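In the two complexes below, subunit A is the common chain; its partner is subunit B in one and subunit C in the other.
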Partner chain A sequence: MQKARKVLALVGNHAVAYAVKQAKPQVLAVFPITPQTTMLEKLAEYIAEGELKAELVKIESEHSAMATIFGAAVAGARVFTATSSQGLLYMTEMIYWVGGARVPLVAAVATRAIAAPWSILDDHHDFVSKRDAIWIQMMAEDVQDAYDLTLMAFRISEYPNLLLPVMMGFDGFILTHTMERLEVLNDEEVDEFLPPRKFNLIDFEDPVSIGQVADSSEYIKYRYYAMKAMENAKSVIEEVSKEYSKLVGRNVPGLVEDFMCDDADYAIVAMGAWSGDVREAVRRLRGEGIKACLLKVKTFRPFPKELIRKYLSEKKAVLVMDRAYSYGLGGVLASEVKSAMYGLQVPVYNFVAGLGGQDVRPSVIVDMVKKLHEGTLQEEVWLV
Partner chain B sequence: MTEALRLDNARFLRGNAACPGCPIPKELDTLLSVMGKRTVLVVPASCTSVILGDTRGTPSTVPVIHSAMAASAAIASGVERALRARGEKDFNVVVWAGDGATGDIGFATLSGAAERNENILYVCYDNEAFMNTGIQRSSLTPYGAWTTTTPEGKREFKKPLPLVMMQHRIPYVATASIGYIFDYEQKLRKAKGIKGFRYIHLLSPCPPGWRYDSSLTVEVAKLAVDTGIWPLFEVENGEFRLTSVSKTHLDKSRRKPVEAYLKLQGRFKNLTQEQVQEIQRMVDEMWEEIKALVKK
Partner chain C sequence: MIEEISLFGRGGQGVVTAGELLVSAAVKDDLYGQSIPFYGGERRGAPVRSDVRISDEPLYLHRRTYNPDVVAVFDSTLLDILKVTEGLKEDGSMLINSKRLLKVWKNTYVVDATGIAKDLGLVVAGWAVVNTAMAGALANLLHTIKLDSLEEVVKETFSGKLGELNAEAVDLGYRTVRRVD
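Here is the complex of A and B:
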């Protein structure tokens, strides 16, 4: 008979650290940055207490953190790092390096606004800025989600022949420092879900070079196959989502999650922690007779454009919530959604809010949808 | 991988993309023949990135990981930790980096890996400028040298990187010159037998960058040592020792005048007599400092 699973109360950082411990990485390299630090501390504690047998490289920068786990992943180890904001920007060169080299590994990003001016609080600018780096990018809604996605990230990344790194985003402070209830898998269940890593490029008997010069006729082939891999990743994510859902006995979608979208007139598209506030707003709106729904984007890259079209094609209007903005164009998620909806006659509105940790309550979202319903909402609205 | 590449001794194959007179292939060949086939090379952006070939083939007979310019000591740290974690034994992880990747853009990475005493060998092959991009000055370009970004001659001094690395108190630091290849080879051998962070700083003359005839590489590399400009030494667990011909150079009369070295190279052709004397004075002063190190 199956061992009963533990139900814990953990902050997001500790939930992710718990998942990482269960994934049994062999090499970690982490540089401290708020709001990720308590995760690093927890991992160091696991190692000190012998609960996790891994090399923790106390590295001198984020650039080197990503470089170190890249080297370790090339040499066959399961690896992990975590960062945030400036740290993610500082490691950007190596993020592209890892994606370009198609080396499977996992990094968590505690999302945080970017300076200047300084802010240690949440938004999504750091996360979305890596959208072209050949990484799978997924984002969690709550602490349970962050735990689930971390385990799924390892599985997806090491999925046979996929060869892509995975970035797991979760909102800084809102999730990293908030304690929530979650159910964790037993260690043996994780062992079964995550068999030992097979990927390794260091073979002294059959040596290869990694990352050498590619001339112009070769280089584009690397990128062409990366494009194919990213497309292929969608079905892999769905597959792993099915596997994982079956294992945990809950529905854990991989690409998008819909909440009451069947009969809705208005869809609110959101990503990350405030999806929970949107759920609440949807309930209130339904209470007032306005048929709204939430379409949560869980996977930002590859962008699930087919599903977005499917869910949104019949709606009266769509409101996209954006915690990141492309200056001179529009909200980042809104732009992606519009691109996915090309040719459809559905108006897309953009609500830009929550930057630098700005609190956005369900009542604000309710107001936006009411204005949309009344026909008085502007195409792009900033909460300032 | 073709059968031709399966050699008993790891070597660096001929027919690579190095410039005529470039010492890098010989330096790498020596490195590989000492370190053996169970060696991983980590190579940041530099001349060697080109010499190592493209997707069609490589002269290396060991695994190579190409690296972003500032990342190599960190990548090597990860490779070493991973191989160890996976239970591999008797392997070497070697960074092979130019002076710019070592002393400039990658300096924090190098210093970090040294401070953590990562179990890697770091070789800086120092051709005293960003040569692969076309001879731009680095912090390791010497005083007075012409480069494309110091058309009037460099005004600042060469960063004393081997001494900076010595201050990191790592188990092994050495200088070497391709002009004294047996000394270089011995140092590689010694470094191979030591655990922890090992640093070898190898002076590596560059015919197009230093503006000398490509037949003179060995002579130039020898003269750097013979004039005392580039002293050969090693520091093993804090103990400083001069090696090879440099052992005799504490006596100034045994050192050739710096002019013998400078005059062979077009990059120094605009030096005034005063500047040459200034360089001579700096070299003599450095040797006074070396005396103090030897005594310790």
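Here is the complex of A and C:
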């Protein structure tokens, strides 16, 4: 008989650290930055107590953290790092190296606003700024989701021949420091889901150099194959999501999750922790006879444009919630959704809110959709 | 059934831990809970706040609490600085760490958490660690928290003698909290 699974109360950072411990990485390199730091502390504690046998490389910056695990992953190790905000920006050069060289590894991003002005609180600007770095990017809704996605991230990244790194985003403080109930898998179950990494990017008998110069006729080929790999990643994510859902006995969608979209007139598209508040807004709107739904984007890259188009094609209107903005254009998620909906006659509205940790109540979302229903909503609204 | 609690205190009083102890106790009893600390880069002594949400059904909300059922104030000097009763439900309860019988709401309760902590020697760097006595008092006021589960969680969180002392603080907080009429 299967051993009963543990139900725990953990803050998001500790839930991710727990998943990382179960994934048994061999090399970690993490530089502290709020709000990620307590995850690093937990991982260091696991190592000190002998619960995780990994080398935690002490590095002087996020740039070196990514460089360190880049090398270790090329050498065949399962590796992990995590950061936030300014740290992610400082890591950026190496993030592109890892993506371009197609190195399978996992990084968690505890999302946080970017200075200036200084803020340690949440928004998605850091996370979305890495959208063109050839990384799979997924984002969690709650603490359980952050735990689940961390395990799935390792599986996806190490999927045979996919060769892509995965970034697991989760909202700073709103998830990293919030304690919630979650169910964790038994260690043996994780061992089965994530057997030791067996493949290597280099053959030590016949070594090659990675990241060499490519001339203009070669460079574009690398990028063409990267484009193909990111397209392939969609079916890999779906497959791993099915596999994981079966294992845990819960539905854990990989690309998008729909909540009451079948008969809805209005769809609210959101990503991250406030998706839960949108669920509440949807319930209230339905209570008042307005058929709304939530379409949650779980994978931001590759952007699941086909699914989004499918879910939204028959709607009267779409409201996209954005915690990140492309200055001079519009909300980042809204721009992506509009691009996916090209040619459809469905109007897309954009609600920009929650920047720098601003708390957004379901009642505010309800008001937006009511205005949309009444035809008085402007195309782009900021909660200021 | 859902209960929302807002905790106000000062950095170093264990406000965030108190919220986490309540949530851990609720989860032990197969309930759902969220402890949502509010961070603004505070230092020791600065006002801090943590919100708690407990329910018998899965929780989806991630917003803060705006209309709590219970407000707990770990340091009564905060009553002059912060609007702690803002949004508190009319029939909700206010719990204050105080020796004196202060009344600031229809249902006001006091507990001498500082006295309990000092008597038990729960003092760190000159600060009385009042969070476990406050959590005990809250367990008495809330419908979702069982005293036994809270004591168990406290013993798991703080090991050995410290766990015993904190569990005693929980018990004393639970038993000595009194309504101000």
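Details
The working rule: the second predicted complex is superposed on the first by the 380 of 384 C-alpha atoms of A that agree within 3 Å, B and C clash if a C-alpha of one lies under 4 Å from a C-alpha of the other, contacts with A are read in each partner's own complex, and residues count from 1 in each chain.
Simple rule for what comes next: contacts are C-beta pairs under 8 Å (C-beta built on N, C-alpha and C of every residue); 3 or more make two chains touch, one makes a residue touch a chain.
Values in this document were obtained by computation on a predicted structure and should not be read as measured data.
In the superposition on chain A, A:223 contacts neither subunit B nor subunit C.
In the overlay built on the shared chain, the residue A:5 is in contact with neither subunit B nor subunit C. When both complexes are overlaid on chain A, the residue A:250 reaches neither subunit B nor subunit C. By the document's definition of touching, of the two partners only subunit B reaches A:68; subunit C does not.
For subunit A, the partner that touches more of its residues is B, with subunit B and subunit C as the two candidates.
Of the two partner chains, subunit B is the only one touched by A:203; subunit C is not. Of the two partner chains placed around the shared chain by superposition, subunit B is the only one that A:76 touches, whereas subunit C remains out of contact.
In the superposition on chain A, contact of A:181 is made with subunit C only, not with subunit B. Overlap of the subunit B and subunit C interfaces on subunit A comprises no residues. Within the complex, the subunit C residues that touch subunit A are 19-20, 23-24, 26-27, 30-37, 39, 41, 59-64, 66.
Residues of subunit A touching subunit B in their complex: 26-27, 29, 54-55, 57-61, 63-65, 67-77, 79, 93-94, 97, 200-204, 206-215, 218. Contact residues on subunit B toward subunit A in their complex (touch as defined above): 1, 37-40, 42, 49-50, 52-55, 58, 60-68, 70-79, 81-86, 91, 108-109, 111-112, 115-116. Put simply, subunit A touches subunit C in their complex at residues 7-9, 11, 35, 120-121, 142, 171, 173-175, 177-181, 273-274, 276-277, 279-280, 359-362.
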